[in-house]
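As written, the chains take the letters A, B, C and D, and residue 1 is the first residue of each chain.
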Amino acid sequence: MAQRKEIIGVIGGSQVEKALYALAQEIGRGIAGRGAILITGGMGGVMEAASQGAKEAGGLVIGVLPGSDAAEANPWVDVPIVTGMSHARNTIIARTAQALIAVDGSYGTLSEIAFALIFSKPVIGLQTWEIDPRIHRVKDAKHAVELAFALLKS
Amino acid sequence: MAQRKEIIGVIGGSQVEKALYALAQEIGRGIAGRGAILITGGMGGVMEAASQGAKEAGGLVIGVLPGSDAAEANPWVDVPIVTGMSHARNTIIARTAQALIAVDGSYGTLSEIAFALIFSKPVIGLQTWEIDPRIHRVKDAKHAVELAFALLKS
Amino acid sequence: MAQRKEIIGVIGGSQVEKALYALAQEIGRGIAGRGAILITGGMGGVMEAASQGAKEAGGLVIGVLPGSDAAEANPWVDVPIVTGMSHARNTIIARTAQALIAVDGSYGTLSEIAFALIFSKPVIGLQTWEIDPRIHRVKDAKHAVELAFALLKS
Amino acid sequence: MAQRKEIIGVIGGSQVEKALYALAQEIGRGIAGRGAILITGGMGGVMEAASQGAKEAGGLVIGVLPGSDAAEANPWVDVPIVTGMSHARNTIIARTAQALIAVDGSYGTLSEIAFALIFSKPVIGLQTWEIDPRIHRVKDAKHAVELAFALLKS
């Protein structure tokens, strides 16, 4: 039996400007390019950008949706996990990912960072909340992906 | 962009005798053989049997775990979704699957059947709870899988 | 420090005919009359009837709401617990109550009965699902309340 | 029918030094003294201190527990709400409270602040996370309570 693939989360705002969309897309591409599964909240913005990037690189994309309808998922999600639990689903993303990369984001992202730190998951941050020395700050997508794989929690 | 694959759930007891293990395994094989993704609660018994079958047929297996540790997943799970929400995760399985096949099972399975009926998902039953005319009763794995695909909720 | 009051749950359909409304109301009155706290799903039908009865007897009423707005609670709820988790809140009612009385009800009630049995909570049933010998069947409100207090899980 | 009482949340670390315990206790006393219900996460530290204060002032204390056992609640909790959902219960506290007072606290408190801001609930902070201008910073218990009542979200 083959080993399980790694799972990396990308978290961030559901609305995002062009430059950050491209950045998150590159991160998704990097995650899939190195053979890991991508998990996000399944909606728009950073989540969609990373999903698109991962699909372009032939990866598998899991989207953990807050609502009760799989059709809410962005078009790049392979497996919409339909929770119907609203923001409580943020804990699931933080628990399932073995490392998380945060790009931009507002209070939802902040809650996911908080949960990731509670669960002792590595968090890499790009232009996001500067609240804690445990968030590894990087400057570009390449370093974000490299660091996520280097710090992966088994 | 390719269409999303269908997702079919298999629910049932976490401990199961040999004959039912073989039955659930055959169901998993049938689901993957027809190209759908399998979702289960990720633990032992019926969940493990269906997962093993799906992997044998080259499929993708999602396991929505009640606990907080991915290592709890049975060895055939490709993507352990770690909820940390105990039995509340049963709603997620019922919401995510487009049809559910119940094999044997106790009160946890009963709760999943109840949620599936609330969400108007088709439920196919084999040697399981006989509580409602909306549960489609079948006698073997082949018919269970055929009916699940015939009734899939988009 | 005084001992904590007992907590008893009443579960059942969100729409209910007159005779069952009166029955659930009498159950709520009996629970509060004996000094226990009532917990329900906070919505209409059986939940509202029991809440009204408990308030008439001077009791305290907790309503564990599925939605995200306290205003959804029926008017007899003292403390609306706002979960925003839809049907996943059913597990909370079954976990919090030390005994549950089921009146009528559909699949939501069925899921709550299932969870109560998983958590080894006593379940008393009136004109509800006949699925398991562990559900104590009674004929009137008086016996339902008496049995709930006799079987209370500490 | 009388109007529902207000519900105010106190959030903060499960372990806390003496001076902060006294501060949270005074906040609990102030909340109950003004006739509101106190809601906390039901555990130790700031949660326990506020609960003790509220009980001393004759108030009602709700504790929304992460675990599956009511016995985990601190001794001042009147109504232990047993979620069994671990940190996902943080969303319930933020949804149920009409205003929240944060005292000290670590990542769990941070997640609750994040959810409170998502749900547009007023947040008053004492020696806690300084992450957002929307957190109203005060210096003592008296002002925290006054501000919470002044800003209550109906």
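Throughout what follows, contacts are C-beta pairs under 8 Å (C-beta built on N, C-alpha and C of every residue); 3 or more make two chains touch, one makes a residue touch a chain.
Here the structure is a predicted model, which is why all the values come from computation and not from measurement.
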Of A-C and B-C, the pair joined by more C-beta contact pairs is B-C
When centres are defined as mean Cα positions, the distance from chain B to chain C in whole Å is 31
Cα centre of chain C to Cα centre of chain D, whole Å, reads 26
The distance between the C-alpha centres of chain A and chain C, rounded to whole Å, is 40
Contacts with two or more other chains occur in chain C at residues 68, 84-88, 91
Contact graph of the chains (line, ring, star, complete, other): complete
Chain D contacts chain A in the complex at 85-88, 91, 107-108, 110-111, 114-115, 117-118, 129, 131
Per the touch rule, the chain D residues reaching chain C in their complex are 1, 4-5, 7, 37, 55, 60, 62, 64, 68, 70, 75-85, 88, 91-92, 95-96, 119
Within the complex, chain A is touched by chain C residues 68, 84-88
